[in-house]
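Below are two complexes that have chain A in common, paired first with chain B and then with chain C.
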Partner chain A sequence: MSRRDTIEAALARLVAASWIERLLLSIAAIATSIVVGGVIVLVSGMAATCEEPAFAFFGPTSCYDPIGVYVQLFQGAIGDVLGDPFNFRLALTLKETALLVFTGLSVAVAFRAGLFNIGSQGQLVAGALATALTVLFAAPFVPAALGAIVLVPLGLLMGAVFGGLYGAIPGALKAYADANEVITTIMLNFVAAQVAFFLVSSYFSAPESQSVETRTVPGAAVLESTLFGAGSNFSVFVFVLGLALVAGLYYLLQRTAFGYDLRTSGLQAEAATYGGVDPKRTVVTSMALSGALAGVGGAVWVLMVAGRFTAAVPALGFDGITVSILAGNNPLGVVPAALLFGVLKSGSLAVQLETGVPKQLVGVLRGLIILFVAMPEFFRLIGQRFVTPDREPVATDGGEPIEALQTPREAQSEPPGSEPGETEDGR
Partner chain B sequence: MTNAVELREITKRFPGVIANDDVSLAVEPGTVHALLGENGAGKSTLMNVLYGLYEPDSGTIELDGQSRTFDSPRDAIDAGIGMIHQHFMLVPPMSVAENVVLGHEPKKWGGLATDRERASNAVDELAERYGFAADPDAAVEDISVGEQQRVEILKALYRGAEVLILDEPTGVLTPQEVEDLFSVFEDLTAEGKTLVFITHKLGEAMEAADEITVLRDGVNVGTVAADATSREELAEMMVGREGGLDVDAVPADPGAPVLSVDGVSVSDEHGGEHVTDTGFSVREGEIFGIGGVDGNGQAELVEAITGLRTPDSGTVGLGDEEITRVSRGGHIERGMAYIPEDRQERGLVMEFDLTENGMLGSQHIPPLGGGRIDWNGARDHAADVIEAYDVRPPAPAARAGSLSGGNQQKFVVGREFERDPDVVVATHPTRGVDVGSQEFIHNRLLELRDSGVAVVLVSANLTEVRGLADRLAVMHDGGFVDVVDPDNVTEEELGLLMAGERPEERERADVTADGGGGTRDESPGDGTDAGQRSTEGER
Partner chain C sequence: MRTNSDRRRFLRIAGAAGLAGLAGCTSGDGSESTETEESGSGGNDGAETSTAGTEASTSTVGETDAETSTMADTEGAETADGTSSASAPEMNVGMIYAKGGLGDKSFNDSANRGVKRAVEEIGVSFNNAQPEQNSDFPTFQRRFAQSSSPAYDLICTIGFAQVSGLTEVAPNFPDQKFMLVDGVVEESNVASYTFKEHQGSFQVGHLAGLLTTREVSAGAGETNSENTTVGFVGGEEVPLIKRFQAGYEAGVAHANEEATVRVAYTGSFADPGAGKEAAVSMYDNGADIVYHAAGGSGIGVFQAAQEQGRYAIGVDSDQSKSSSQFADVILASMVKRVDNAVFTSIENVANDSFNGGEVTTLGLEGNGVEAVYGTELGSAIPEEVKQAIAQSRERIIAGEIEVPTEPSGG
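Our next item is the complex of A and B:
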């Protein structure tokens, strides 16, 4: 077997993995990354100088305790849940998780339609700015008693609408001008950030502020921190909203004709066209839906976390790409994937506070975990694109009923050297 | 005399298919050898074996009497074999000279840089020797397709090829470029090169080749000298005869016209015309067959009818409504079922299970489709199709990609037939299907006809179209050569028609269902236009 065959067979196996196998792969990946990260911590600790070694290793001593670091990383994310179930560390974890659910869903839905939306960040910025400005302008006209009931839905709606419109732009460019969405969405990220900066600094800046930011939205429009203490910036309502969107999106993709069109386009555009799907319209609507989800994320960020629009928008859109890949682009997988990010964010803060490990090294450990977990899914994506596990029929007609289902994938991969589409007579 | 190429008893299997079954091929040096056959006959596979892309399961390769084994194309290139693929392997922004020497660049400065001057000179010299006009400094993206093909040939010659394999070299060329290519063939053989070219066009094989080998279903049917054969003989060899079709067809009892196609022309984005001013109509309870050698415009005509492609001119009507510009989805809603030629690209989503695939096309149509899809109903529907059409494994949860080709086909056929259609457009409905299921599909097709469905049946299998069709159009070079009564036509006549020649004295069935009177400019009464145009095209 040549090297190419081996690689193709491995990719095909990965593509064919069941979700349980994928879950086990993720767990194994975390374990591996802990081993690798632990060695790095240990070795760095040996090179560092400190008053009192934290860890002894058959003689040589290390300033950092590799086991303690990981214990802190995961325990710090949940805090002292038994003593205080609503502690700030858990709040931080859940806040990050909630924010990333929106952008993770955004990237995932585009992926399902066969589109690589790198532009969730820009769509989030567009949604966030629209939300902040709408709420600021509408607030004086809304009676105080109705403030929360009107302003919060209005803000979320405007976030969705403007994020959606901003997502529809690269969709339309792809559908009608054949412009690759990867390139256009990357460029539109810059456009969104710069236009938002210009608008806010020139027209909407808060009068007394030195930085580029709008005025603070009125208290009625803020998504209050419930259950978790004030200052946690985490509203359970948002978490519920995120979960509802996950469920809604799953339903949309799996149970509706629109979702069927979208998934079919993503998997096999030719077959979708044959089945009566309008490919151009599907590209635009998928991108608009993707953008709307990112826009809601922007709205939530403004109403729950920042309380205003500032030019310093966190990179939730970009993290959403990783979250979506970790989730295998499945809406249901977005929640655990976002949770992993939340845990790492909150946990690494705890590591910095509780141990002597510098934050740069903690960043390395976080990166390792994400890298290790993402790699199998990443290769699955590549595999889906380049390895077509069973384009060749398994058996001639009248094949045995059950065997046909269980034939090893390796036997079905393309013969070596053949390019996709360069089958018999190139037709 | 030792043969330049000698393939002995080559067998190459892919999972589920024998692409080449004990195929032998001998090519004399300094000659042009055509490998003729329909799509899927195994021509490209055989040549890929010779080029080292595939390793044969058994059989031997000899070049100039010496036994060879190739692990990769590199070995084959080193042994003096060059292959020009149908889709060129050129780098568009780079110059002709750079493309020719790519991978074997003359070096200067101790191998640090390409010696452009020497490359350019080498290309000039080669071009002159073989009588090509080529500007070595022109960018490949700026030159015509015919010139690009010559760059590919130069590339192979530069690498020292003695045997050149050309895969469907005329597929992308204009008629004038084809002529030029064939004169290049002569120059090359005059210099002692040996050429093997793959084609499914028998006219080209007869014109350009010294010898012709016909492959059918992976088997070498025979090798004939080009000047000692006829078009009819070649057409028969290509299409072959399978035993008679066993169907108990009651004579058709056609009703009102349902599908009417009028003056349809289809061309691709490069301007090549695939269908020229073609029209017909199909009545309720009638099977209209379209036969002919693959690649004569059947696929494009079907795409225009089914809404996958908008024709350049002409109209398609369904009932009283014109549907020329109606979307693909609109065609499905109006009751048109369509069995596509390519089940793995179009007919099925390979990653979906059969339940999901059963909904392809009906996802927006109640009762199962619509806003929300009734997946329980869809599963039952898939199970019904699976049972009725004997799809194995009989599991709605089986992934389409895990099924064998024949079972995939049965599922597609079943799904489309059970749509309760008014019109069925079936292209190669029994391709790759076992004999028992073929018979079932044929009978089901006749049942549909008898229940008043209008059927368009496109098949390269002559026995099938002859046995089933009530009227049979033979397509050649983008148009109907003739429309005949399949019960009153001999095999020889069909062979001639498929080659684009129309015996003048033969009686014709009507092109249009209602007797053809005056609905088209080219009415059947005087209608030799199509035939004449086609034969002219050949000369």
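Our next item is the complex of A and C:
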């Protein structure tokens, strides 16, 4: 039992960590991953053969310069900000960040409701396809002067609606047929990808194209690149939209009756039901909300990045899972977590071009950073389920650990608006 | 009671996390892990060659005029300003490969051979970029086009998936020369190269159709003369790859009306596991020769052929050379001279005769595509078969045989 106690104590320490401690922990994790990754780069560089070693220390030489690689990884992501604050590299970083904010939020909402939505990818595909087809279909009927005002919101709305509907399917299956949402969402990812492929290749493919893709959406519907120059595929509007969604979602979760329902069902479904929450309805609505967020991500991908629907959809939905875990499933944390992903994405392209390091090795470095940063958060999530910091379970908790009800952090931020009486009125 | 519920919770979380990981693996990126060995060695090759390239170019600079490397750098910066760069002693080429990446022993490696040849014969230096997803294509195209140290004289974009990116990027950089393989972008600064893959595929289809009814036993495989079934494994199910299928099917039918062609697509150019699965099921169903047009996934087809003791036909490169461990099952390869296209375009830029805005189509005529017999098994193919194939080649060039570009049946 002593080993178990040690582990429990460590978990309890982790769970009780303040946000400052968690931030320090993340920074320490990045530093450690850089040291470990640097050693890997150095050693693989020693094994590789090259004409001119890039790095030497006390005799042995290495083909890859571990310090240079990391300098490139982070510098390559922001570019020459002082010389040109709106440079292309920074635009790429922010573009990736903006896209991942949507999928990260999508996964986070479901997680908070106690649902593991692995299906953000599929919901994103559904939303993206709906957006592209709607905009292509509607464009001829919209007068040119109103193009952007009508088509962009219409596209985003259709993305949200279809993503939401596609997310509601596993929600309904979970609520009314008790089907495990992890399994159904994974499977629905494949369904979405293959159906989209079939529809586009058979009915909506662009003439003369060798790829499976639709025609390009009309210029009026494109979210134009702003500030960062044409072709950067990054619109500040989208970034603002993402931040607004973050704020809106935070408000929804923390300050509304629905958010209270959602969170309590996530913490302990039985207690929530006892408290008057309709569990089935909450499952369906939270999955639909999660799907809608992913669908907006898909719409943004179509309107801002791809300019059309192509069958090769990047794995934004899967990255969203990691983003959400990094963020501790907190909407506010999604922004920095997505930013880390954006930096790594943009930086690793720079490393590939500027240094001789093969892309596979760059992938390892990226993976290491994410792994090291995610692990403390991951253990914290597990820990929250197991241990209760500073308090032993008492009889009134039903003999179960009180983990279920509220962690201290949330208890503090509990708004007056979610008094039991009021939630019942609202229902 | 407490321990029990703890365990249940832990299992639930751990299980979900495991499944999440699994889901991540099944997405595009994960499929690459199965070919780590291949791409790992390919990546190293790439790194070696690029350093070798720099080496070669430094020596060129040293020969022409004894300038220090910093001087050479300023020279590079000058060319970025738009002054004619073709006459400069050093020429830089940016290579952007298709998604299968280097080490596919097929399409991308063929392009890589073209640029390596240019390193030796023209003395250029080059830099590789290996995109992981389609949205990386325009990013790399733009990065190369914007780069000023070094400034790139030519950017080679390999693969049909780069078309939409290049359509957007090329007009933004009117002074930057691009070349495109497997697609057409109608811009004055893009030289497009396409291939008549259906013609080459017809040739190997003809070969497969003739051999499936004959008794052939050489190398590590043998045909099954009673069963007239052959197979085709494609990568992504896109119009370009369907052209390979259409030509192959027509070739098989030309040899033998009765023969059946089984068709499967792996959905990826970088998934040898899926390639193997598709091929094994074809061999199990009586196919004795399987042709693949699946890039890196095709390695799985060769593995399946070796395990089942049957034959395979390679694509893009002479795969009995590039994947010599499978030479004992590779009857022939439909070689697509991507290397020639890459080399010619570099040579054109070096000679100041860049053919921007033009579309060069390479077919059987001029050996832009051709059926090349395997190094190990070529001698085992009966002479009369080789003659029939040489004949059909002449007739295709003469226009007597029309090779379809779209598969007939749905």
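Operating definition for what follows: the second predicted complex is superposed on the first by the 383 of 427 C-alpha atoms of A that agree within 3 Å, B and C clash if a C-alpha of one lies under 4 Å from a C-alpha of the other, contacts with A are read in each partner's own complex, and residues count from 1 in each chain.
Following the convention adopted for this analysis, a contact is a pair of C-beta atoms (placed from the backbone, for glycine too) under 8 Å apart; a residue touches a chain by one contact, two chains touch by 3 or more.
None of these values were measured; they are calculated from a predicted model.
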Counting only touches as set out at the top, which of chain B and chain C does A:211 meet: first, second, both, neither? second
Which superposed partner A:349 touches (first chain B, second chain C, both, neither): second
Looking at A:71, would you say it contacts chain B, chain C, both, or neither? Reply first, second, both or neither. neither
A:305 in the overlay: touching chain B, chain C, both, or neither? Say first, second, both or neither. second
Let me test your reading of the model: by the given contact rule, A:278 touches which partner, first (chain B), second (chain C), both or neither? first
In the superposed arrangement, which partner chain does A:260 touch: chain B (first), chain C (second), both, or neither? first
A:270 contacts which: chain B (first), chain C (second), both, neither? first
So which bits of chain A does chain B touch that chain C touches too? 399-401
Taking the complex as given, what residues does chain B use to touch chain A? 14-17, 19, 39-45, 48, 53-54, 72-73, 85-87, 167-168, 171, 198, 200, 308, 327-333, 338, 340, 342, 344-352, 356, 359-361, 363-364, 369-373, 375, 392-395, 398, 401-408, 432-434, 437
Of chain C, residues touching chain A in the complex: 1-2, 5-6, 9-10, 13, 15-17, 19-20, 22-24, 26-29, 32, 36, 39-40, 43-44, 46-48, 50-52, 55, 101, 127, 129-130, 132-136, 138-140, 142-144, 146-147, 160-161, 163-164, 168-169, 172, 182-183, 236-240
Flag every residue of chain A that touches chain B in the complex, lowest number first. 255-258, 260-261, 264, 267-268, 270-278, 388-402, 404-405, 407, 411-412, 415-418, 422-427
Complex contacts: residues of chain A adjacent to chain C: 48-52, 63, 88, 92, 116, 118, 121, 182-183, 186, 189-190, 197, 201, 209-213, 216, 230-231, 233, 305-308, 310-312, 314-315, 318, 321, 349, 352-353, 356-361, 378, 381-382, 385-386, 399-401
